[in-house]
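You will see two complexes here that share chain A, one where it goes with chain B and one where it goes with chain C.
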Partner chain A sequence: MRQIGPRFAAIAAIFVTLAACGGSAAPTVATDVGISSTEILLGNTNALSGPAAAYGTISNASNAYYTYVNGQGGINGRKITYKILDDGYVPANTVTLTKQLVEQDKVFAIFGGLGTQDQTSVRDYMNAQKVPQIFVYTGATTWGLDYSKYSYTIGWIPSYQAESHLYAQDILKNHASAQIGVLYQNDDYGQDYLKGLKDGLGSSASLIKDSESYDVTAASVGSQVATLKAKGVDTLFLFSTPKFTVQALVAVSKLNWDSVNIYVNSVSNPKTTIGAAKTAGAALKNVTSVAYLKDPTDPQWANDAGMKLYKTIIANCSTCDANNGFNISGVAAAWTLVDVLKKAGSNLTRRNVMDIAATQLSETDNPFVLPGVVVKTSSTDHFPISQMQEETWNGAGWTLQGTLIDTRGTIK
Partner chain B sequence: MLQRIRAAPPRYWLVVIAVLFFAGFPTVISSFQAAQWANALILVIAIMGLNILVGYSGQLSLGHGAFMALGAYTSAILAHRYKMDYLLTVPIAGLLTGLVGFLFGVPALRLSALYLALATFALAVVTPSLIKRPVALTNGVNGIILLPPDPPQFAKDAFSAVTGTVMTSEQWTYYVTFAWALLLFWLAWNLVRHRSGRAMRALRDGEVAAAASGVNIAGYKMLAFGISALYAGIAGSLFGMSSGFVSPDSFPVGLSIQLLVGAVIGGLASIPGPLAGGIFAYFLPIESNQWVPAQTWIPTQIASTVEKAGPAVTYGAILILIMIFAPNGIVGLVTSGYERLRRRLRGAADRETGQAPPDPQTV
Partner chain C sequence: MQGVLQQVFSGLASGGIFASLALALVLIYNAMGLVNFAQGEMAMFATFIAVTLMDRGLNYWIAFPVTLVIAFAGGVAIQRIVIRPVERAPVLTLVIVTLGLTALINGLAGFIWGYLPRAFPSPFPSRTISVLGAYVSYQDLGVIAVCGVVLLVIYLLLQRTTVGLTMRAAAHNPEASRLMGVRVSWMLALGWGLASAVGAVSGIMVAPILFLEPNMMQTVIIYAFAAAVLGGIESPVGAVVGGLIVGVTVNLAGAYVPYVGGDLELAVALAIIVAVLVLKPNGLFGRPSVRRV
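Moving on, here comes the complex of A and B:
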């Protein structure tokens, strides 16, 4: 950070004096670094390459929405520029690239940064610099829970622990004698899911017979799946990232283990991912997950206005597959951000934008989330999305089950 | 004294120019760029160490990333848990890593060429997993977040006197790294020109012949391993300081390969080689990654494919080109170019005076 030079300070002092003498200064617009009269500059780091490259498309989808908004005239005349950099899902790269975005490109905020480990590694830095780390694309519970400590960081997707609670309730209600095995990624991301499952099962946590972890740099999870099978597991939880989820689903079928009940987490469940497993030979019997977004491949939304809008928006991205569920989440989160920026109006400061995003959201009209899902925050609750609905795999796509379940207030 | 300065060969002037350049550089570039160049210099230090091992002693190592990890974690743990001043931890990390490298030299003595490469490669592969296990010590997969270093008052005063701006922690890190790089380059320069350096080169060119000449093969192999690990440890420690964050995945297998690539690109068995190699190895992946998508003349399909494949594609293509056109690295290319130019100039002069050019081999 550069300190204001003495010359600049002198000039500033003269202007302040002039303004004070003038009596009535013209109404000014409060802005911040990264905001000009024509532009709002946002940054992003995502895994465009590496083991979690399946997520890379999310940033491009968000950008497609910004292109769409810019085409409509932008936000109060300002167009959004979205700079996406590839960190390869390696925290050390995230640190360097985030510094580049903040110090060299001078972005207003970093939106939709992906990866629990990656975003944790820059959280201290972002908060020290007071640059919004807004709507990170990770559901680690800490984003919402530790807002009072890190007031420049906020998540968007549902908390992993809340999602696990939902699975736990399903187990307790429908499979009370399950023999649970968990495959999880050995980092904050996987451990957060696992903690949620244990907490959700409460006194029945002993149903978890075994939990096997893998490192994100690993080549395969085949041996972990085999171990889980050998331990007599009949209910398998996959708290993994897409590449490893596909591997695990395929490994289950290779081991002739199709009797097992499988729970797939929401951040690796788009039909594109599950379809890849199917193509590779996974039988996909008894697979359960949760949803909070409209699935672009679900025929029930074929004539939905929100889905039609999504298809129009995603056409702005030449490399995006419109049927990929990750893309609709990228568009939906960008929608919320544009809402926040509009609400900030002429008071476009970093602090004000964070306050609105983390404490004053009440978005009932996001056209891409399931009907009834409200994107909401308050002074005591910093988890924007907390409603989810169970879904099961029908052999060709996901079918929603039951009704929306609200987990608001359950994570403390 | 004046006579000596006037008689100094041109390469000494090059050294003076390079030192002045690197000392003044951060005053004209942004703080962020200074941080990038600090990282490049850190690679330079590690590659210098690798060069002593590979270039001068002829021992192949694919595992120097692991030594960097050890150095980084030594410093991070000392600074984070035991609240030591980070600058003090740098030499400790270097010495500890050097000791480990020296001991690693013992089994390395029994392996040659490819087998040694495989053993060191295995070291690079297991290191990230090993770091993850003692969670209480290393904080497991979550890594250790370090506070950015605060520049001391004298540095702040000096910097603001020159530039009129306040020194940032990145700029301070750059100067710390630069000071270490100077010291270590001077050490390497002295090492390779003297007894030990000659012994190492003899070892590289023919083990039997070296042994017959009374070179202690085992001792020098271990020494080479130890010294190169010391360099890597200091580089790792500085890496922790500059990135403010160490995690097991900061030291993937790819880092070890990157170091070796840097050593080869720069030019093996040369002192300026690691400087050029480190700068290339650091900036090439970054620039190749950001350059391709920014080019409008490249069709979007190709650009997006390259983007999806990551920086590896362009990086690989450029590496292949460098190896074809500069098989002896950048330094080799520059020296041969310089020789050719000089011969041509001298040839022209000699034709005028009617003298035959002297045989370059005898010069």
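Moving on, here comes the complex of A and C:
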């Protein structure tokens, strides 16, 4: 691979040059491509099939909100068209489909693209084309951290490292003698979480006694959990994807290891996931996670205006389960985008929209995030959501604990 | 020591999962001299049918046999509709067709039932027993026991019944069988039906452990291939023994071999396939194929 690298780069350079030359034949990219007097055209790639297809519903949920907004007259008279394509969670497909959206469909921006590796694979392209890759649905820290280099890319959900920092604060404050074991998915996603935990613990990083990895193609993680138990771990972090998280939670109970403190990451904590573990015999004692959105299954929001609005909006999507926590996040992110587009007003250029999203956000009225969470960016901070609140599993659902914790500025 | 024992037990548990699907692979190989890449997806689909029946209020013990009958019929139908037109085509064509089936069934299941992992009831209690300080769950033991029962049934069917003999004959020498009056094509369909039913048993047994979603069997089938190849692709006993060996080896390698780690377990399984094919192509229990020329 190392030998191929330079050659590949040379070939790539030629292609890029060719593409640039070809570009002069077509009209030079107007700053308002994808916007007409009646329409704002947005694109999206998501895993509607394949190993991560559980996330596919997020795009449909976002679309439900656009349908709702269009029903109210759209944004300054323009209705949003949201074109969702299925990349199957395969980066190679993401590249093809993204080019299709940008070059053939001529979308204004790509909103809510899913998957760390998938979105990384098109980041250079999107930035070279100066097409907004706005509010990607992945918590990789790089989206916020590398904004100065990729100013057409911005995330929305809290970064994985920020979430780990919050866990680290909890450990240092309340469990200073914890013997930590980590189960993580051995890719960018799992490693990002692990790095955040180590950074957050700082000089106490030696509390991590063992970290065991698995590949996303693994059948089960029973072996890794057994190893962690054998190493004398008393605090277990699961930086895994939902399927493996459920397996690990069940494995803990199978090993009669229910005394262990478990931290489940936000990616795996929708109630449907934890509920599956419960049905399969997981005891789920001492399980902690974080939240930044209102949980549609939490009775405390039953009469909440935001939750009622969410239920109205999600009814526009026939395939969306209103109780699925993924769907409220899709609606919430779409809410922020509509906010940005409204703010852009008559200056609906790609650059202006990116500037607002990445450096001027201060959204205090998003009805779907926890009260007090401000969706915020500035010229020095490009992580829109950085406030989260710990929650513990009460046997039937999550109970919020303590107060909102702000991790802004912790990521270096 | 206790740690090693726990890894062995956990490996036997995964081994039981691999073995159960490997049995279905072996059965279809015996029926038509071909591995069916769609076997895992067919098993997953049958499991979804079982869960749908139970959602409709059917008792587990009624839903189970009903699912097996549906799976059998489905297997026969697939053979009649999809495989039969290309029955005499080169092996590569058949392989491509089964790969196509894999994608089709996977997509269909996702379309109908969605992709969220869901719990599946198990007939065995979720409690565990302690053996020398290590823990084994009744569910895991149950999977291995059911494998044993399925193995016995397959053995009796193939070796002790006329249908079994006819099936084997049709697979091994279709021309001669046809001349002897065997309806070869229907025997192949029967083989598909049986393999599909055995696969359904596998799916129903592993779903409580792996959780049911359209991709449940996608990794399992690779380990099942390793198990079947290790045991000798024609031998049902080999599939079970191979499955248990693969399960334990993969676990021990992941836990104790430096640099392998949990994330390279799949590589170990693939290494087993390659090593067996290079060193002992007939596997542990397979007979060398002899051809008179």
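Note that in this section the second predicted complex is superposed on the first by the 381 of 412 C-alpha atoms of A that agree within 3 Å, B and C clash if a C-alpha of one lies under 4 Å from a C-alpha of the other, contacts with A are read in each partner's own complex, and residues count from 1 in each chain.
Assume a contact is a pair of C-beta atoms (placed from the backbone, for glycine too) under 8 Å apart; a residue touches a chain by one contact, two chains touch by 3 or more.
Remember, it's a predicted structure, so these values are computed and weren't measured experimentally.
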(message) Just checking: does A:Pro51 make contact with chain B only, chain C only, both, or neither of them? Give me first, second, both or neither.
(response) second
(request) Answer with first, second, both or neither: which of chain B and chain C does A:Gly281 touch in the superposed model? (result) second
(message) Is A:Ser36 touching anything from chain B or chain C once the two structures are fitted on A? First, second, both or neither.
(response) neither
(request) Quick one: classify A:Val95 as touching chain B (first), chain C (second), both or neither. (result) first
(request) Mind working out whether A:Ser362 is in touch with chain B, chain C, both or neither, as first, second, both or neither? (result) neither
(request) Have a look at where A:Gln300 lands relative to chain B and chain C in the superposition and call it first, second, both or neither. (result) neither
(request) Identify which of chain B and chain C touches the larger number of residues of chain A. (result) C
(message) Once chain A of both complexes is superposed, is A:Asn394 in touch with chain B (first), chain C (second), both, or neither?
(response) neither
(request) Return first, second, both or neither, reflecting whether A:Ser223 touches chain B, chain C, both chains, or no partner chain. (result) second
(request) Report for A:Ser378: first if it touches chain B alone, second if chain C alone, otherwise both or neither. (result) neither
(request) Return the residues of chain A at which the contacts from chain B and from chain C coincide. (result) 49-50, 53, 56, 186, 215, 217
(request) Over in the complex, which chain A residues touch chain C? Could you list them? (result) 49-51, 53-54, 56-57, 186, 212-215, 217-224, 226-227, 229-230, 242-243, 246-247, 250, 253-256, 272-273, 275-281, 324
(message) Going by the contact rule set out above, which residues of chain B touch chain A in the complex?
(response) 30-33, 35-36, 39, 128-129, 132, 141-143, 145, 164-166, 168, 243-245, 247, 249-250, 252, 289-290, 300, 304, 307-312
(request) Mind listing the chain A positions that touch chain B in their complex? (result) 1-3, 5, 48-50, 53, 56, 85-86, 88, 90-92, 95-96, 99-100, 103-104, 117, 120-121, 124-125, 186-188, 215-217, 318-319
(message) Show me the residue ranges of chain C that touch chain A in the complex, using the header's touch definition.
(response) 2-3, 6-7, 10-11, 13-14, 17-18, 106-107, 110, 114-122, 126, 128, 130, 135, 137, 208-211, 213-215, 218-220, 222-223, 250-251, 254-255, 261-266
